[in-house]
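Read from first to last, the chains carry the letters A, B, C and D; within each, the first residue is number 1.
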Amino acid sequence: MKTIESLDIESLFTLFEESSLSEFELATEHYEVKMKRTPTAEAAKGTVPAPETKPAEPGEEVEVITSPIVGTFYLTPAPDAPPYVAIGSTVGKGDVLCTIEAMKLMNQLEAEFACQIVRVLAKPEAMVEFGAPLFEVKRL
Amino acid sequence: MKTIESLDIESLFTLFEESSLSEFELATEHYEVKMKRTPTAEAAKGTVPAPETKPAEPGEEVEVITSPIVGTFYLTPAPDAPPYVAIGSTVGKGDVLCTIEAMKLMNQLEAEFACQIVRVLAKPEAMVEFGAPLFEVKRL
Amino acid sequence: MIEKILIANRGEIALRIVRACKDLGIKSVVAHSTVDRDTMAVEFADEHVCIGSGPTGESYLQADNIIMAACLTRCDAIHPGIGFLSENAAFAKQVEEAGLAFIGPASDTIALVGNKVAARRIARKAGVPITPGGEEALIDLDDALRIAGSLGYPVIIKASAGGGGRGMRIVRDEEGMANAYALAKKEALLFFADGELHLERYIQNPRHVEVQLLADGHGAVVHLGERDCSVQKRHQKLFEESPAPRLSEAMREAMASASVALFRALGYRGAGTVEFLVDGPSFYFMEVNARLQVEHPVSELVSGVDLVRAQIEIAQGKGLGLSQADIHLTGYALECRINAQGAGTLTRVRMPSGPQVRVDTFLESGSVLSPHYDSLLAKVIVSAKSRDEGLAVMERALDEVIIDGVETNLGEQRQILASKLFRCGTVTTGLYGEVITQRKNHG
Amino acid sequence: MIEKILIANRGEIALRIVRACKDLGIKSVVAHSTVDRDTMAVEFADEHVCIGSGPTGESYLQADNIIMAACLTRCDAIHPGIGFLSENAAFAKQVEEAGLAFIGPASDTIALVGNKVAARRIARKAGVPITPGGEEALIDLDDALRIAGSLGYPVIIKASAGGGGRGMRIVRDEEGMANAYALAKKEALLFFADGELHLERYIQNPRHVEVQLLADGHGAVVHLGERDCSVQKRHQKLFEESPAPRLSEAMREAMASASVALFRALGYRGAGTVEFLVDGPSFYFMEVNARLQVEHPVSELVSGVDLVRAQIEIAQGKGLGLSQADIHLTGYALECRINAQGAGTLTRVRMPSGPQVRVDTFLESGSVLSPHYDSLLAKVIVSAKSRDEGLAVMERALDEVIIDGVETNLGEQRQILASKLFRCGTVTTGLYGEVITQRKNHG
């Protein structure tokens, strides 16, 4: 237990954080402290402080690449050719990820940014609609 | 129990938290403290004690006597007779309050308990429906 | 001239009548219970009067309050709707005596057809086939045994004043008679305050077909064709359709002519129905419903005649203004009743809409279903060129329905609609049992 | 045989087509934008394919995505609905070339009637009266001045490829011509990518009457009577009715025969409309709408013919199966369009129901109205024996409507319905202005 005199500033912060106070002022012989909190929607719901959100590190961000058109999804440029990409592949910006066949044209979908393929989400040779998820990737 | 002088800051927080106060100020020889809380919806529901509802005293209870049938409301037994009751009248259980004419019958409505007439709520000679408020009374 | 009508009913039928009044430029007053204050009929009517509390005996059956409400709001007429006081001869008489028009048959007619024995007698006189059986009330158990013996078992004992399955007992052999007789008598006394019984040959799983009529009380009678109402669960109709499927033209016409003859004999006034049992190639008079029926929209859709409007116009003494030659029955119509299986708040209601679909309901999201009243939530009625088309439209319509918050019979209704028996049009009163009960047992 | 149809549209019309598919036992696939994922058409269809994002240019006008969606879901046909690609000849051709049935006229027909000058020329040849004016495209401003001089002012300049009021300019005198010509040319280029203009005599406050037709492309053509669509606000129709009030039998018949002759001359296939301007005792060809129209239910109710079903059956190559003698136009029908005046969430929606009321809508409580699309919320259509009865039923129906959450034109629609001008049937394109705008100014 701490007396007012022996308080350290960290304890004061913790106390204030865990309280429901919106303002706190203290003046002692040696110092003056003033704390104020604008109640947020979150805080208003309860006294629990918002969990600390850890910003994702660049390499960990997972994004989904979706189909810009309606068509048939192909992972390979030709029936017995190797696939453009596989799980774990890294591709550069502009590299071809897959083909989507529409109106008898093979539309090559290029990566808009360098990334690593985490998962293939669409089924090869199946129909994809607009916005259908194709790949889960990590931005590099 | 702690004297003001020996208070530690944690106790102060706890005390404030458990109270319904929105502001607290304390100045001692050694320090001054000020606490303030913006009441949130949550807090209002929680720590604030419900206002004490004062039970009405027997004589003050106001009740409404309603029409048990559909008909025409009359305050007098005959066109030029004096009214059964007036504002301020006190009636005993079984005393006639009014007549409601229905199906060519004059139905006398009797008081179910002794009471004093506070207000007449229905318009004489007007139609009353089932449940229409007729009198505001104080139970005696 | 009727300028203002008091509607002594609730739910979808009260709303139906309010709508007819609006269409005719007639003012409407809805008499309602405390529980029904926030229903659509009350909302849409020009005026409303509270006539009592929730239980029907304390509101919708309170004849005095209803008549006073009509008089004091200066109505010219009372429409009793369906159920409640609609076939109560004493109420109709009271309305007549109060100088108001009763939108329905004359009280004498209601009294007459309300007694099943009397109704059978008149029907027979008018040349309407009746089920073989006693045309007289049963004197006692011995009388019952004697008649049953001559008819052959199974027979059915019915309360002369009865309806809705109450006071009815099927007797399969001589030994069962004493018990059945006693029970029917007891129920007849309990429900109808009238112990008179009669006995008919019992027809197993018949079809239930009824003819809709309109008459002006001055000799003009037209029929709007028949409705098949065979699909029932414990005497409660589930689906009604017109024309009746797989009914020979000859029977259809014979039934219609017999009904017209009976209404003429009765000097009937207003809308009414003659109900028949159909057993193979024969049909038998069952009873007269001296009122509007829940399933009336089916006939409206095939005939183009608005029955509630017609009721009001007849009550106005305008005459029928229609001869049989004016009635052109075209196409097909089917009604599906959606019933609740409990009370509660309807958290979400979505009714079907679009082409060929009519919905008669008084409920919407947020409506509260009171336990005091019957379970009818909505009637979905479709019209089509043919029965096949109508079934497809009904299937589409039912697929659109969402009712959350209370249990309903929607699932069962969809099952019946999809069943082979119903699709083929081989409908009988046994259909529900075969499609639903047996499936459950096998499921 | 068509077994599966892709519906390249949204809103109430997509739902209308899904319903027709269900009634016919045909599978449906709705092509929708990301914004429309939770709409009823998507919910009720057998399948759905997202074809793009909210803006119409990125979804409902994406011909390639639509055709791919149809091919990949193994549809046999595409129904373009109303608006969007429905009158786009290039799209129709693309559909044909993909080996799919286009549920609408042949692409050549669409192209032909899409050019107003060409359409007028064919109409004149088929004996259809056209407004006095140039039957040729305008060469330049001088040409316009010369033709206007010979016709007499006021005249109207129109984009030959136009529609919906765009690329149109009324010219009241010689001095206004130069400016109007320049503006119309600019708009024609902007909206239709085609600067061709023509010029007609301008008719002030005419009536707008159109004839509904069905043709099988092999010479069989029937009409389903006319619709009066005069009540408009800035060229947007508000009320449509059939039969057109106060129209002589002679004009009604002349208009119908002229329309049938024109469709024969066109070798037309599918459902379509011929629009006319009526000016006193004369009527003039305006244009052909080579598609279904929003107001088609009006004709469905008076004719008993399901137009969407007929469209599909014609596309199946079944032939019309109808001759003019099979079409019995009976009674009266009126449609009221309920439009939003802004986007938002519909916190509460209550549509009317009951007898004589049909509602075509895709909205319910909680639906979100996207700013990307047109403002039509619902069509309330009533059928009745007569116009007077129909107006009463519409009044009753509109009284039941509740739409909370967005502003609507309900108040204005009720005002129009109650107005003397509308009640008397003296409808012209000037009615909205007289009833609403002037009242506002005086209010």
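A few remarks follow.
We take it that contacts are C-beta pairs under 8 Å (C-beta built on N, C-alpha and C of every residue); 3 or more make two chains touch, one makes a residue touch a chain.
Given the structure is predicted, the values throughout are model-derived calculations rather than measurements.
Considering every other chain in turn, none proves to be in contact with both chain A and chain B. Between chain A and chain C, the centres computed from C-alpha atoms are 64 Å apart. Here the CA centre of chain A is 47 Å from the CA centre of chain D.
The distance from the centre of chain C to the centre of chain D, each centre being the mean of the chain's C-alpha atoms, comes to 43 Å.
If touching chains are joined by edges, the resulting network of the protein chains shown is one closed cycle, each chain touching exactly two neighbours. Those chain pairs judged to touch are A-B, A-D, B-C, C-D. The touching residues of chain C, when paired with chain D in their complex, are 15-16, 19-20, 22-25, 40, 44, 297, 300, 304, 306, 330-331, 350-351, 353-361, 364-365, 385, 389, 392-393, 395-396, 399-400. For chain A in complex with chain D, the residues that touch the partner chain are 69-72, 102-103, 127, 129-132.
On chain D, the positions that touch chain A within their shared complex are 34, 49-53, 59, 64-69, 72-73. Of all the residues in chain B, the ones that touch chain A in their complex are 6-10, 13, 16-17, 30-38, 40-43. Of all the residues in chain A, the ones that touch chain B in their complex are 1-5, 7, 11-12, 15, 19-29, 39, 43-46.
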